[in-house]
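Below is a structure I'd like to ask you about.
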C-alpha cells in the first residue's frame, strides 16, 4: 500500500503542480487537497489541466489532513505553523512556504515581519550533507524558488574557493506564476505580455536564505518579472578567486546528481528546456576582462523551485528512489 | 524485455515530443533517433529539454532503424513512403506524416500534389471501430493535428444526426509548433508574439481527412496562427438537426475514453489545460437564435495532435495499456 | 485656441489609449481626466506609458468636466447616462460604452439587463450615411470593439447582396485588453499566456449591434480570448449569394477610406500590423467547395475598436480632418 | 519644402520603424527606401503595418539615394562604409550600424573583426557635449541598442563620482527584434515564447562603446533574450563611491531632457511603457547591504535604441525641434 498524501493549500499554482505530480507518482496516494475558499469545489475548477482527476477541495483543517502519512503545505507565507502544529510528529511534513526556512529570527523579522515560527531542515538535497538530514527529518522546509535557482549556481563556487563571498551580484528573472495566483492588476496578462520590470530591488526576502545556504556575505539581488508563465533564469556573478574554474567546480559538485545538469561548454541554459521538469540547467564562464565569474542557472519555478523539489524531498524522507514521480525532461517547445 | 523503438525524423518538434514520451515509457526502449542533417550530434543539440538523455542522432537510413520492433516516422510530408518501404512487415510503423492518411488518390493530389503513396489504417482510436483496426495493423497513419481536434468534435455529432454534414464551418487556431521547426521569417518570435493571422483560408489540406473521417460533405475551414508555442482550439459549428443535444452526443461517444473529456456544462476548453498531455477537452452548446451547434475542442498539437496520439496508437498495436507512458493531465500554467 | 477635452473614466485601457491620442492631437487640448477610485493620483500611476504628461486624475463629477467642449465617456457599461445627463447639449459627447448603441430597448434588456438609457448616433463613420449623421450630432455612441471588426467585414457584403444575411457565422479572437483592466484570476498573465479559450459562446452582447448595423438576421458568434495584449481578428463567413465577389464589394465600399484597407489579393490580415493605429485590415475569399464567403478583419481593439474610433468621431463632430491625431500605421513588430 | 530623406536597408525591423517615424515626420519627406533582396516589392510586403504608405523598395545603390538631403543607413554591420563613400559630404548621414561607433581600431577588430572603417560623431544627444557635436556633423553614428540603454543609466553616475568605474556589472534583457529579422531556428516563435536565455555572455560587442562613452574601466555584461518583440531592460550595478545618491545624479543629468525620465521614487521601469516611443525610463536605488548602486533602465530597442534615436539625431543635424516626429509616450498595454 502506498503512502497517503494530503496537500494543504492546493488551489494555487504550486499546489496545482504538486497535485499533478502526486497524481502520477508511483508510491504516493493522494487522499486530500484543501483550499480555504474553494472547499467543496472540484479541483478542476481551479486546475482545468487536472481534468480526469476525481478530487474535491476540502477546507484546510485537521480533519481534512487526518489519515495522511505525508502532508505538503502550500499555504501563503505565515500560515504553515498553525497547520503544522495540528499534525502529529509521525506525519511527515514538507512546507513549500517560507515559515521554517531561516535559522535567524532576526533575518525572519527583517524580511517577513512578525514572529519567527522556527527552523526546519532546509530541503535542498543537492547541498552537502542535506540528503542525510532530510532523510532523518519529519519536517522539511522547501527553499524559495529564486533561492533554489541561485543557491545551486553559487554554493559550489563559494565552497570551492572560486567565487568571492564578499562580492556577489545576482539578477534573476521569473515567470509570472512565481508571483502567485493573486487577482492583482499588475499581474494581468495585458500588463505582463511584452513587459519586463524589476521589483523588490535590493530587498528580496530570498536573500536571507541564499546567504544562509551559500555563505555569501555580500549579495546584491535584482528580481525581474518576465513575460512567461514559468521559469527562472538567474545570472549570478562574483569576483573570481584563485584563478579558479567555475565549470569544474559545478561539475564536481553535481556529477552524480540526476536533476542538476552542467551543460556542455558554450551551451547556455534556456528556461523553457526545464519547464515541467525537476531539472536545473547550469553554465558558467570567466569574464576575463572584469575578473568575474558568470554563472547562469535555469529551472522551473513550479518544478525544482517548488512542487518538484517538494516531491523530491518527500521521496528522500520515505526512502523512495529520489526521482520517483519526477521528470528529468522538460516539456518544450 | 521491452519493445525496441526508433524514431525517424526526430529533430523537429513532434519528434522531440515523441522522444520525451518514449524516454518515459514503461515498455518502449528507445534505440535510435534519426535526423537527416544533424546525424552525429547529440539529441540535446536540437532538444535541450532532453538534457539527461544519452542519445545521438543517426542518419535516416535502414541501418539506423535496423533492429527496431517499432518505428515512428516523423518526417516531412512525402518522405515516409521511401523509408517505410525499407522496413519489413514484422516491424510496426506509425507515420506522423500525411502520406498514408487519405483513401482517395484524387484528394491526395489536390491537396499535396504528386503521387499517392497509399492508405494505412487511420490512427484515431476514438473513432468507431478504430481500435480493433489499429490493433490488427502493422502500419498506422497518425491524423493531422487540426484533423484530430476537429474530428473529435464533429464525428459524434454527424453520426448521431445532430449536426448537418452539409453545413459545417470551422475556425481553428494553432500554436506555432504546428508550423514546424522551419527557419522562416514569418515564424520568428518577433512576428508571432502579439499577432493573430489566418493562412490557407478555405484551402487547408486537413479538410480532406476530416471529411473522410466524419462524413462531412461541406466544410469551410479557416486556420489561424496564434501567439503560443502549443495548442489547438477549434470552433466547429454546424446547422443543428432534429433538435439534437450536442453535449449528449459527445458524452455518449466518449464516456469510456481516458483521454477525451467533455467538460462540465458551461465550462469551456482552454488549450493550456491540455499542454503536454494526450487529452482533448470538449464543450458544446446550441446557439438557439442561429439554429447552430457550436462545439469547441482543445488539445496539444504535439500531444494528442501528434506524438501522444502516435504513442497511443503504438500502445494499441502492441497490446499495451492504452495510457502507458502518456499523461491525462496537462502542464499548466 | 483648441477644443477643450475631458475624459471620464480614464484609468482603464481604452481611457489610457485615449489620453495618449489626445496628448498628441493637434487641435484637442486635454483639460481633465477622471477616475473614480484614483482621483488625486497622477495619470502615470495607472499609465506609466504616459510618463511626461502632466495630468492628475479628478473624481468623475460635473465639476471635473466643467469647461470642456468635448467629453469622452470611457466608463463601465451602465454608467454613461448619469454622467451625460449632467452635461449641457452644447458639450459634445462620445460614449465608448454600450449604453446608447442599441435602438431596441428589448435587445438592450436581453443582453445588458436593466433599463435602456436611449439611443445616440451610432459612431462608425464608414457605414453608409454615418459621417453626415455624426457631424450633425452632439451625442455619439462608439461601437463595441468586436462590433467594429465584424461590421466592417460584413456590412458591405450584405448591402451588395453577396452574403446571405440569414447565414452568418463569426469566430473572433481578442487580445486581453478587450476584457478590461479588472483584477480577475482568469485574466492573470499566468493564465493567459499560452492559452486560447472561448467565452460567452453564442451569447455575446455585441451580436445585437452587429445585426442592427449590418442587417444580418441570423448570426452565430464565438468570441475567443487570445494570448496577446491588443488586437482582434474576426473570421466572418456567410453563405455566398448571386456568385458575388466579396473583395470587389469590400473595395467598392472602402476605396476612399483612409483607415480601412482591403489588402492585396492573397495577403491576409495580421492583428500586429494594426497595433497602435486606427486602421482595419481586410481580406476575403470564396471557399468554392462550401459555397461560403470568408472575410477576415483585423484591427486594434483599443484603436479603431475604441479610442481611435472615438477620436475619429470627435474629429468629424468638430469639422476637423478625420485623420487628425490618428495614425494609419501600426507599431510592429 | 521639406528635407528629402532616404533609408538604405529598410526591410529589417529598425528600417521598418524608421519608415514609420519618417512617414509621420512633419519636416522629412521620404523619397526612397532600399532593400537588397526585395527591390521592386512594395514596402508593405516586408512591413504590413505600413499599409497605406505608397512606397516601393529600391536596390541599395547610389542612384536610389541620389537626391536625398539625408540618408539613414540601416544595413548589416560592415556594409555602411561602402555606401557612405558614395555620398557627397553635403548629404547628411546617420548610420544605425556599428561601423563608425568606435574610436579604437583595436577594439573594433576585437569585437567585430576585419578592418576599422573609421569614427563618426557618437550619436547619443544626452551625453555631455554631444548635441553640439551632432549639430556640427554631417556624419553621425547611432549607438547600439544595449549601449543606449546602459550608457544612459551609467554615464551620469560615473561622471558624478557616485559609481566606481572599476566595478560595473550589467545584466540586460532584450526583446527579439534586437536580434534582427533573420530566419534562424533559435529565433522562431516556438523557441522564444516561454523562454529566457543568455547569449554572448561576457563577450557582447557593445561593451566597447559603453566603456568608451562612460569611462567604465571594468564592466561585466550578460545579455539575455526575452520573450517579447520589443524592449530592453538593463540592470546596471556598480560599487557605490563617496556615499553618493544615484537618483540625484540621474535627475541632475536629465532634468531638461524631453525623452529621459527618472521615475518617481520607488517606481521601477517597465519596458512596455516605452514601446513605440523615443523615451528611456530610469530608476535607481542603493543596496545598502552590498554597498552597490542599482540602476534599471528601460527603452524600446527599435525606438530610443535605434530608429527613434536616429531621427532625433537627424532633427539635431537639421536644426529642427528635437522631438519632431517622435513620441514621448509609449503604446501600452
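Lettered A, B, C and D in written order, each chain numbered from 1.
Everything below uses one rule, namely that a residue touches a chain if its C-beta (ideal position, glycine included) is under 8 Å from a C-beta of that chain, and two chains touch if they have at least 3 such contacts.
Predicted model only: the values in this text are computed from it and were never measured.
Here A-D and A-C were compared by C-beta pairs in contact; the pair with more is A-D. Farthest from chain A in terms of Cα centroid separation is C. Distance between chain A and chain D, defined via averaged C-alpha coordinates, is recorded as 38 Å.
We define each chain's centre as the mean of its Cα atoms; on that basis chain A and chain C are separated by 44 Å. Annotation for chain B: residues touching 2 or more other chains are 13, 175-177, 190-191, 193-194, 227-230, 270, 272-273, 275, 332-333. Looking at the complex, you find that chain A touches chain C at residues 13, 175-177, 179, 181, 183-185, 187-194, 227-229.
On the chain C side of its complex with chain B, the touching residues are 168-169, 171, 173, 175, 190-191, 193-199, 201-202, 207, 218-220, 222, 224, 226-231, 233, 235, 237, 268-273, 275, 283, 285-292, 294, 296, 298, 332-333. Every residue of chain B that touches chain A in the complex is listed here, in rising order: 13, 16, 20, 23-24, 42, 44, 47-53, 176-177, 193-194, 229-230, 258, 261, 263-264, 267, 270, 272-277, 279, 281, 327-333.
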